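What follows is a set of structures for review.
Each of the next two complexes has chain A plus one other chain: chain B in the first, chain C in the second.
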Partner chain A sequence: MFGGLKEKLQAARNRLGSSIQGSAAAQAPPAAETKPGKAPQPAASQKTPSPAAPSFTDKVKILIVDRELVVSEKDLAEALSELEMTLLECDVALQVTDAIIASVRTTLIGKHRKIGSSIDDLVVGALKSALLEVLGTGFDLVQYIKTHPHPVKILFTGVNGTGKTTTIAKIGFFLKKQGFTVVIGAGDTYRAGAIEQIGVHAERIGIKIIQHQEGADPSAVLFDTVQYAVSHKIDVVLADTAGRFHTKSNLMNQLEKIKRVMKPDLVVYVDEAVAGNDAVVRAAEFERTVGADAVVLTKADMDSRGGAAISIAHTIGKPLMFLGTGQGYDDIIPFDPVQVVEELLGSDA
Partner chain B sequence: MLDNLSTSLKDALKKLAGKSVIDRAAVDELIKDLQRALISSDVNVKLVMELSKAIRTRSLDEQLPKGTNVREHVLRIVYQELVRLVWASADVKLEPQTILMAGLQGSGKTTTTAKLARYFQKKGMKTGVICADTFRPGAYDQISTLCAKINVPCFGNPQEKDALKLTREGLEALKDRELVIVDTQGRHALEADLIQEIIKINTITKATHRWLVIDAALGQQASEQARRFHEAINIDGVIITKMDGTAKGGGALSAVAETKSGIVFIGSGETIEDLERFDPDGFISRLLGMGDLKALMERAEEAIKADDVDVNAMMKGKFTLRDMYKQLEALNKMGPLKQIMGMLPMGNMELPEGVYDVTSTKMVRYRIIMDSMTAGELDDPTLINSSRMQRIARGAGSTPDEVRELIKYYKMMQRTLKGLRGGGGKFNMQRLMKRFSGMQ
Partner chain C sequence: MQPMDQRELMTLQHYLKEYGQQAEIFVSQLDMLENGRMEAHAAIEALEALRESEDAVVLLQIGGGASVRAKVLEPDKILLSIGAEVVVERSNKDAVEYLKERLIEMEASQKRVSETLNHLQSQMNEINKRLESGYQQSAAANQDQD
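Right, the complex of A and B next:
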C-alpha cells in the first residue's frame, strides 16, 4: 500500500540529493570523496558555481573556514518542481502540495551542510519533517477507550459511498478482538438497504445492533443505542450515519442534531483514499460544521498513492486513526505516521 | 482556494483581453494557470500536460480569426480541446439493449442503476434490473427497494453467492424486458478475481453497453482504474456520480480520455430522478472554475441582436424605459445574472455578497412594473408623477416606493450610458455594479 507514493518520493528524493550534490561537487572537489557509497551519482558534476546569493566568495569562505556548503534556491528549483509534480500525481491536493514544497524549500535553502555529512540525510530529513508535520500524530483508539469513561460513544460521518458502514463493522471487529464489548447503532435510516447491510455485518461479527425501521429519525436510533449501552454496561458505541454531502445544509443540520442528542466522545470522519482535491474541501466543511476528532481512510488497497491522507490531515489537522485496506473484517490497520513516513522514505532506497 | 484559482485564471485571460497580437509570455502564464485549475479539479496530471501542450501550440500557431481578439481566440481553443476530450459520441439509443454497470466500491453503481432504470422507464422502455452484487450485505435490499418504488422488476437473490449463475437466471427471468441493466459488485482493478468475474458477466450478458461509474471526487487514480476496466471489458461510456457535492469530476475526464469513450450521464442528487444527460459546457465551466465559455460566446451573440436594443439612439442619450425593458429582456435570455457576470472579462472584480440574487430578482420585478406602464410613460418617463406611480404600483402589485426605485435605476442607467458616450468608450462595469449593490 502507498507503494506508488513511496516509489515516487524516493525518485524525487534522489533527484534532490543529486542536484545538491551536483553543485557541491563542482564547488568543492575535496568533498567528492566524502560521498557515501549508496548516495546517488551526481547529475552534473561539472556545473559552474552559481553566482546566486550568498555570493561565491561567501560560499568559499564558509567552505574553507567551516568546511560547510550552502544550499541555494537555484540548486533546488528543478528538483522541487519535480517533487511538486510527484505529489500532485499522488493525489495530494494542490494547496497542500504548495505547503509541503514551501516547507522543504525553507528547510533546505541557505542551510549550511557539513562536508562530511550525507546529502541524503539532509534531503530525507527535510522531507520527513515536512511529511510528519503534515501527518501529525496518530490516534490510539484502544488507549483512548481504556482511559475514558464507558461507554465511549463514537459517531461516524462522511459523504456518500466512502465506506462508513463497512468501516464500522471492521472497527467493531477490531475492538471485539481487543476485548471490548461493542454495540452498533444503525443510524443510516435513509439509504435503501443500509439497515440490512449493517445488520448482516453485525450478525457475522457477533455484535449487538440497535435499529429502527427505514426512514426513522437517526437521532432517536442513536439515543436508544446509547441508552442500551449504558444499561448493559457496554464499552463502546459505534454510531453509523447516512452519507451526506457537505453542501446539503438540511442534512448537516440533522448531523448536528444527532451530535446534540447522543453527545459522542469522538466524531470520526470517514473518507476514501482515492479521493482527489475535493477531499480537502469536504473535510474542511465537515470539520467546520460537526467537527472531527479523528479520520479513517478507506479503500487504501485500491490506491497505491495515498495523497488523500496527506491532504486531509493537513487541512483539518486531525490525526488519522485507521486505514481500511480490503473487503474482509480484518482489513483495517491502525495508522502510525512515523511508521508510514519511515516506510515511505526508509533506508531501503 | 478554488476561487483564487479561477480568479487567477481570469486575470491571466484579462491580460490577453486587449491584445491584438498574441503575446507568448501571456499565453504561457495562462497555460500555467489553466494547468493548476485542471489539476485542482483532479484531472490526471499527465493528461493536463498533454492538453496544455496542445493548447499552447495551437494558440501560438493558429491565425487569429478576423474580428476576434486574442482572448477569445485562446478561450475558444481551450474550449475546443476540452470538448474534444469529453464529447465522444456517447449516444443513448432507445432500443432493446443490455447495460452492464461497472465501477469501484462506493462509487454509486446501485443508486445509478435505479436512476437509469427510471430514466429509460420514463422514455417508455420496458426495463428490468438484475442485481449481480452477491458480496455486499444489503445490496439486493437496496436495489429491490428502489426498483419497487418505480415498479421496475428486479431480479436477485441475497442467498446466492454465484454472480454468474444469478446473471444467467436473471437474463432468463427478464427475457420479456426490452432493456436490462445489470448492477455488479464494486471492485477495483487490483482485485484480479473480481476483474475475471466481470469479464465473465460481460460474456454472459453480451452487454450492448458497458458503463463505468466514476465518483466525481475520484482523483489521479481514475486514469489507472479506467484503463484496467477498459482492458477487461471495453468500457464505452462513463457516468459521473455525486456531482451535487463540491467535487469537480476531473477524474471522469481522465477516465474518458483513457477509455476513448464519452460521458453519458451525470448523477447529481439522492432521489431517483436526479440523473441528467451530460452537458459538456456546464461540465467544462465547472472544471475550470469559471463561467460558461462557449455559452457566453453563443448566447451573447444571439441574445443581443441589433434590433433588440437600438444602440444608436442610446448613444445619442435617448434612452427610454422601453430600451431598458429590452435590455432586461436580453439579459434574461442570456441566463442568470451571476453567470453572465462570471463570463465577462472583469478579472477579479469583487462583488458584494448577495448582489447577484437581489439584482436578478429585482430585474424581474422591474419588468413586471414596466408592464403596467402606458406606452407614453415608457417613451417619456418624465411623465410619471406620484398619482401615476400609485396606478402603476397597483397594476403591478407592488408599492410606489418600488416604482420610484425603478425610476432611479433608469436614471442611473441613463447616466451610465451618457458616460459611455463621453468617456472614450470604456464601459465601466465596475462602477455600474457598485451602483447596483447600493440600491438593494
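Right, the complex of A and C next:
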C-alpha cells in the first residue's frame, strides 16, 4: 500500500537530511580550527571520566557536538522544493502539499539544533508531524457506536463503481466481529443486480438484510430497515444507496429525502484511493452538497501514490474512517494516522 | 449422488455474476493503464526526437487526418502535468526522465492488477466447475425420476 509514496518520501527524507548535513559541515570548520587549548569549557562539560588527556580529534568532536547548528531557509530551499514536487507527483492535493511544506519549513528552519543530534531523527520528526497534521485524527467507528444511542444509523454514499456495496459488507463483517448486531438496508434499488449482490454478501457474512423490489423507493427500504433495527434492538444499521454523481440533481434530491426519512447518525462517503486527486475533488463536492461525516477509501492496496489518502481529511475537513485493501471481507482496516505515518516513513522512523 | 440444492446453485450463479462484474472493472483499469503507458511512450519518443531535431519543426495534427508543420518556439521548455492538477515547466531531458519513471510505475500497477485479475479468474473457474457439476447432478436426478 502506497509503495511509490513511501519510496519517494524516503528519497525526500534523505535529501533533506543531506541538506542539513551540508549546512552543518559548512558551519563546523570554525570550531574545528579552534585550538584545543582554547576550549576548556566544552571539554569540561563532557561528563565521561577520561584518565588520559583527550586527543585533538576528541576535542574537535566535543566542540562540534556542543556547537549548535542553525538551519536556514537557504539550506533547505532546494530540498523543500523537491519534496513539494514529490508530493504533487504522488497526487497529493496542492493545498495539502503547501500545508506539509509549511509545517516542515516551520519545524526545521531557524531552530537551533545540536550538531550531535541525529539529523535523520530531526527530518523524520518534521515529516511525521507535518503528515500527522494533514491526516487528522481518523475516526474510531467502534468507539462511536459504543458511545451513541442504538441503533446507530450509517448511510453510505458515493459515485458509481467505487465498491460501496462491498465496503458495506466488509464493515458489517468488521462490526459483527467486534460483537455488534448489524442489519443492512438494500437502498440501492436503482442499479440492476444491486439488491441481489448485497443479498449474497449479507448471507455470506450472516447479517440480516432488509430489501424491497428493484425500482422501489430507497427511502422506504431504509425506513423499514431502521424500524426493524429498533424493534429487534439491533446495534447498527448500514444503509446502502445507489451510486451517484453530485451533478445529478434528481439523484441528489433522492438522497436528501433518504436523509430526512432515516435520519442517519453518520453519512459516510465512499470512493476509491486509485482515483487520486479526483476522489478528493468529488469528496469535497459531496461534502458541500449532501454533507459527509467520514470517508472510506477502497482499493488502497492498488494505490501506489497514496495522494487521496493523504489529502482527503485535510481538504474536506472530515476524517478518513477505513481503507479497503483487497477482495476478502477481512480486507478492510480502520484508518490510523499514526500507523500510516510509521508505515510511510519506515519502521526505523 | 444427492443433487445440488437449487439455492446453492443460485448462490453460485450470484457469485459468478459478482466476480464477473469485478473482473470487468479490473479489465477496464488495465485498459486505462495500457492507454496511459502508450501515451507516455509516444510522448517520450516525440520529446527525444524534438531534442535531436535541428529546426524544432513538428507535424501538428489538426483533426480529420490533416496536419500542418509547426515550429516549436521553446523546445526545451516542456509543460508537464505531474498530478494533483498541477502543471510544471521542465527541461526536455527532465520531462523524459519523469515520463520514464511514470512508465515504470504504470507497469508495476499493471502487474498488480493483472495478478488480482488472474486470482479472480481462477476463482471464477472454480465456481464454474462447481456449477457444471451441480447442473449435471440435477440432470441425472431428473433422469432417474423419469
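Things to note:
The rule we apply is simple: the second predicted complex is superposed on the first by the 308 of 349 C-alpha atoms of A that agree within 3 Å, B and C clash if a C-alpha of one lies under 4 Å from a C-alpha of the other, contacts with A are read in each partner's own complex, and residues count from 1 in each chain.
The working rule: contacts are C-beta pairs under 8 Å (C-beta built on N, C-alpha and C of every residue); 3 or more make two chains touch, one makes a residue touch a chain.
These figures come from a predicted structure and were not determined experimentally.
When both complexes are superposed on chain A, chain B and chain C occupy overlapping space and clash. Using the contact criterion defined above for the overlaid structures, shared-chain residue A:85 touches chain B and also reaches chain C. By the touch criterion defined above, A:191 lies against chain B but remains apart from chain C after alignment on the C-alpha atoms of chain A. Of the two partner chains, both chain B and chain C are touched by A:307. Once chain A of one complex is fitted onto chain A of the other, the partner contacts of A:318 are absent, as it touches neither chain B nor chain C. Touch criterion met: A:282 reaches chain B, while chain C stays clear of it.
By the touch criterion defined above, A:247 reaches chain B but does not reach chain C. Once the two complexes are laid over each other on the shared chain, residue contacts for A:200 go to chain B and to chain C alike.
Taking chain A as the reference, the larger set of touched residues comes from B, when chain B and chain C are compared. Judged by the document's definition of touching, chain A residues 85, 88-91, 93-94, 161, 193, 196-197, 199-200, 274, 276-277, 301-302, 305, 307, 327 lie at the interface with chain B and also at the interface with chain C. Those residues of chain A that touch chain C in the complex are listed here as 4, 85, 87-94, 97, 161, 193, 196-197, 199-200, 203, 274, 276-277, 301-302, 304-305, 307, 311, 327. On the chain A side of its complex with chain B, the touching residues are 85, 88-91, 93-95, 159-163, 190-201, 214, 245-248, 272, 274-282, 285, 298-299, 301-303, 305, 307-308, 327.
Residue ranges of chain C in contact with chain A, taken from their complex: 11, 14-15, 17-18, 21-22, 25, 29, 82-86, 88, 98, 105, 108-109, 112-113, 116, 119-120. Residues 1-2, 5, 36, 39-42, 45-46, 104-108, 110, 135-143, 145-146, 188-190, 215-221, 225, 241-242, 244-248, 250-251, 270 of chain B touch chain A in their complex.
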